[in-house]
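Each of the two complexes below includes subunit A, the first together with subunit B, the second together with subunit C.
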Partner chain A sequence: MNRRKFLKATLISGIAISSPEILFPLIAPADAAVKSDLAVARGTSPARITRAAIDGLGGIKRFISRGDVVVVKPNIGWDRTPEYAANTNPEVVATIVRLCYEAGAKKVKVFDNTVSNAKRCYKQSGIADAVSAVGGLVSFIDDRKFRDMKLSGYALRSWPLYMEVFEADKIINVPIAKTHGLTTLTLGMKNWMGIMGGWRGRIHQRIDGSLVDVSMAVTPVLVVLDAVRILTANGPQGGDLSDVKLLNTVVAGTDQVAVDAYGATLFGMRGSDLAYVRMGHEAGLGTMELSKLKIKRITA
Partner chain B sequence: MGEIQNNSLQRFMIKKIRIATQGLFLLTFLWLFLQTESKGANELGYPVKIFLDADPLLFLTTSLATWSVDKFPYLALIVVVATVILGRVFCGWVCPLGTLNNMAGSLKRWRLQTAPLNWYRVKYAILIFLLISSLFTLQLTGIVDPLSLLIRSLSVTVYPMFSYATGAAFDAVYSANIPVVVSISEFIYTILKKTVLPFQQPFFIQGAFIGILFFLLLGANLIERRFWCKFLCPLGALLGLLSRYAFLKRSVSEGCDSCGACTASCQGGAAPDRQEERKNTECFICGNCDDICPRNAVSFGFSLKKPGASLDLGKRYVAGSILSGIVAVPLLRISPLMKPAYANPLLIRPPGSVEEKAFLQKCVKCGECMKVCITNGLQPTFLEAGLEGIWSPVLIPRIGYCEYRCTLCGQVCPTGAIQKLDLAEKEKVRIGSAMVDKGRCLPYAHATPCIVCEEVCPTPKKAIWLETVTVKDREGKELIVKQPKVDLTLCTGCGICEAKCPVIGQPAIYVTSVGESRSKDKQLLLP
Partner chain C sequence: MHRFGFPSIVIICACVFTVGMAMTAPAADRTITNVLPAVGCAEDWIIEDKIKLHTRETLFDHINGEAELYFPYGFEVLATATYHHKNNPSLAIVADVYMMGSPLDAFGIYSNYRKAGAATIMIGVEGFVSSSQLMFYQDRYFVRLQATGTTTLEQNTFLACGRAISQNLPHNTGGPPELEILRIPGVVPKSERYIARSLLGYSFFRRGIIADALSGDERMQVFVIPESSPEAARSAFDHYRSFLKASGQGVHLTETADHISLTAIDPLYGRILAEQTGRYVIGIIRMKDAQGAKRILDEIRKRLQGG
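Moving on, here comes the complex of A and B:
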């Protein structure tokens, strides 16, 4: 939808497409957006690379319109401070919230159904403070706001999901890249566990299908994978700094499967090594064939 | 009534100041109670146990039982000194339970009592019992200490009730889904959640039992005002003894015509109409007798004169309480629960708890740790720790696990039964060990994937590890599953695995106290 609109728009503005970036520096971001499916930004400032990655896709205005109610969904699952790489980097989350407001969003909501005690997770992750500081609305999960949703049935026919996600105009998924005992890695698709209610531990019985089901129920306009620090062992909760690797990287894309497939490469794997990525690819949720994608690499 | 109101401004001055003071202390107490909740940071930021620290009875009995002093009791000493000088001002002006008793008593319209109960000695018997038994290492004070009792009752019963009732009311409006009404009610609900409601609804297994006792105690005020304070409170008894020679004394001038107005208004039952027989140890310095006296014959002032009536506790009474205090010790210690091998394996104590024997001597069952526990996992025991340990804290992981990096219970414990730990110490403390029940675990017994226990295990190197195994299902088809194993050298017994185990009800992985670091006896692995 968004993508198609964009292609149409760019066909009309043919000049922009055919122009070398150097000659038209002002139109360059828009140009880049057309061509790139993924933007990978590297640099020492999480805020700067987050902005750069989103700009690499065409800038936040491509995704967020004036008056939008936006849900930004980080991983706040654990009672860990940022250096342990168990939760999404607070600066990455806050930057996205700030960008949404810059694009004219009306409200930007941030929440997660945590695993550890929610108050500690929100506070210790640094996310609640960072997001509040830029005007984001941080809320704790309200058990009354789960509704049974029909799912595609690869593993789950229905499951209680968090309604605020579906009431929003736009959704941005902001996972962190970590290892996981069952799914090998937890990236973007796995981050949707944080909008699941009920006795959700059970989904591990058919985890890959479950992740595809939930990912198909949600349509994020943007996925921003935080790989500023990645957790290479003892994930997803972590706790040992020697398992944390500093990558100073943020990956942005609109294709949930492609972002996760790229995320796998950060750990020296391929997307097809992850069963849920494979299933997502086969289900038509997105593509894991990175070779067919235009990936823009930015140093910021 | 009219007659009294005419010149009430001056006449009820003391009462007004007293009620304001009582209100202030009660509100402070309740505010600190509300602050006994995590905001997500490592520290609470407020001295929430300050009232318990000011309790000389808790200090005295804990010190006697352990024959040691945890910290210098500044606040308790202030209460003692104030009592020695002024009398039982703590009872009359400060004690939050006393104030609640006042309030409960005012629910009934009182006529002049012709034959008030005369059970005031009972509290001295309770006090002597507690002092003697604690001298012989048995610490039961927390059961009846007014501040322990109040904080426990509020934590375990009243506050959860308040939260439940409020939540149910707002939920009803929410589900009725009337457009404007819902947005108003949700707005109010949000404010209440941020101010007076708990973060999540607390549930306590002893809630109803402890609550019934508490409501009976309040209800007794309808039999006689301040029933508890006059007849039962051991702290009141201790302060009564200390106030025996208080410098602040009451005198009655010649103008007294024995009208009896003061007796009817006396909160402590000190018999103020009979100067010679007045029991100054029972006086709360409430000032009612001064306020009410139609002849203005009553006054309070400092003097070194000997008090009037002698304090007669009754020799048999005293001997009986001393004897019971002694007898209680072996009576409660002959349970096989005292043997490490038979000790209740599910008695998981909070992290930082001292060794069980010392723990029972120190724990005053105030319930602060249960109030502050962020997962609601700390619950009051019933008989798991013997009668001696009733209402002491036990971690029940199925209700709530011990959050790996949380140290709040040790911060709020008033007696050091749970030691205050810093984060680095806390992460090393072992409160038990988890073990897998292979008969219920999905990958072991049912050829079904599941790794939840491993996923949530919080130790830096996970204590739960997975072995990849090929199993067969009913049709003989081979499946690869990961079976969890517990590395006992790493497991801290936090119980998050048990809390999150998808096998609902009886979990497939559970914690028992074996291996807890505070016990020498309950070790499993060779060092």
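Moving on, here comes the complex of A and C:
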């Protein structure tokens, strides 16, 4: 552990977890009349705050058109029930699927390349049931659908990625905010690990550059960060409720780097503390300078 | 209380290291497969699929980025199995047995997960149980049981599974000798952590043990850094002194026949007291009571010198 990582770990357990504004006063609330870059909704209903955050950006019809085939990509990586904050909240995912259909989507597909046993992850996360209940198409990863794709080469020149993502008309990334042993935090860019095939060990060797590479290959129309519950320690798998903090927050945006930079503040950190956010910013993928963004705050 | 002298620590560490090196990876794989119960780990809890093994190359497939935490602790191989309830297969226990580099390494990884106030268990050298987890370490093995499909699992089930695994592990329940250094008045029991890389976040402190200490109501932290020789310890100490000087803080140095010590303000940890004695660097961070801190270091130094 180097000094920077040690400081990050210390910060995570610090005071700023639920009130990033205290540490980051330059994150200015947006004028309601001005188009927002990020929308941050808080409230006790995951479904309501998800809808409110997307409405805060102009509504789902800004992103989804009639007849679209949409891929919604949550984190379903772990054999954990929702209370553990290891997977994306099922209500958040189901609400997004429902909104896509309301906007006229033809199909909404949901899948993830899980770490634990896929059947157990899909079931225990609550995501399979919640998504199926609103008409979403839940499928397990089919290894035959990975294809080598050229990447930007920060760490990977090419890598097998899941073709269903690229065959869709629109992609919505729906990560959960939690700690991660290797990248400190896993947010939106890290969530693309779930569309990557190949050997995970190779990706982890140069993880930050790899995340930038894959994030530049995928163009989500929307990123919705689930922070209803966040995992503040022992991520990514968690497994103890004492490591979970209830924030009742959903963050939405179109800029992958900006959403992750905001996500870092939920843990008392800055986006620049995360190497992949910094690299994404420098690569022109998006901006980590939250002070330059219009952030709309909503209580729903 | 058993007193652990400096020469004994060296001999025991050397033996542990030698035994660890002699065990080849394939033999280790065969051994660890037999640790997990082949049929069921407790009454009504039956194995699902086969026992799987993960090496350094595939540990990411099981715990993703958390694997990085294990590597500095000499991770060699993991055996994992899932046991589900025969009447409700959605309820499961994932049992992971990690073979680490040494008993100290097994303690080190365990101490990363140990929580203050957790219910302790009489399995292995030390362990705890919560509503969803049971963890312990024994010899060079770290064992982690995780309930899935529920947030509350009956404690007796966890304990039965834990005992079934423990009885298949080497019956070394004495704990790593290095921890004996901190078995002194003032150090909070079960607060010790072994950090295998960059103690305090400083690369010149390659590894070490840190624990909470109390002087009256004042809480501070004590650390012990074992080095290979007095020269190596002096080098680490001098690096720290240079770092403190470079950070613009005044450093007050004192040298006696058997140790050299300094007091300063560390930019991260406030008032500190540190010293080099023999092949060790020892110290106190977040110090408020200087006399109390000195008493604790005196105790540690006596222990290291076999006094």
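In this text, the second predicted complex is superposed on the first by the 266 of 300 C-alpha atoms of A that agree within 3 Å, B and C clash if a C-alpha of one lies under 4 Å from a C-alpha of the other, contacts with A are read in each partner's own complex, and residues count from 1 in each chain.
Basically, contacts are C-beta pairs under 8 Å (C-beta built on N, C-alpha and C of every residue); 3 or more make two chains touch, one makes a residue touch a chain.
The structure displayed is predicted, hence computed values, not measured ones.
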**Prompt:** After the subunit A overlay, clash or fit between subunit B and subunit C?
**Reply:** clash
**Request:** Scan A:N117 for contacts with subunit B and subunit C and give back first, second, both or neither.
**Result:** both
**Request:** Could you say whether A:A128 touches subunit B, subunit C, both of them, or neither, answering first, second, both or neither?
**Result:** first
**subunit B versus subunit C as contact partner of A:L246, first or second or both or neither** = neither
**Message:** With both complexes superposed on chain A, which partner does A:E83 reach: first (subunit B), second (subunit C), both or neither?
**Reply:** second
**Request:** Considering only the touch criterion stated at the top, classify A:N234 as touching first (subunit B), second (subunit C), both, or neither.
**Result:** both
**Prompt:** First (subunit B), second (subunit C), both or neither: which does A:R144 touch?
**Reply:** first
**Item:** Residue range of subunit B overlapping subunit C upon superposition on chain A, of 9-17, 135-143, 333-341 or 513-521
**Value:** 513-521
**Request:** List the residues of subunit A that touch subunit B in one complex and subunit C in the other.
**Result:** 79-80, 115-117, 120, 123-124, 180-182, 199, 201, 204, 207, 234, 236-237, 239-240
**Message:** Per the contact definition, I'd like the list of subunit A residues that touch subunit B in the complex.
**Reply:** 79-80, 115-124, 128, 140, 144, 180-182, 199, 201-202, 204-207, 234, 236-240, 243
**Message:** Show me the residue ranges of subunit C that touch subunit A in the complex, using the header's touch definition.
**Reply:** 56-69, 82, 90, 92, 94, 113, 115, 130-133, 146, 148-151, 195, 197-198, 200-203, 268
**Request:** Using the touch rule from the top, collect the residues of subunit A that touch subunit C in their complex.
**Result:** 1-7, 77, 79-81, 83-84, 115-117, 120, 123-124, 180-183, 186, 193, 199-201, 204, 207, 234-237, 239-242
**Fill in**
Counting only contacts in the complex, subunit B reaches subunit A at residues 38-41, 171, 174-175, 199, 374-375, 403-406, 442, 448-452, 454-462, 466, 482, 496, 500-502, 504
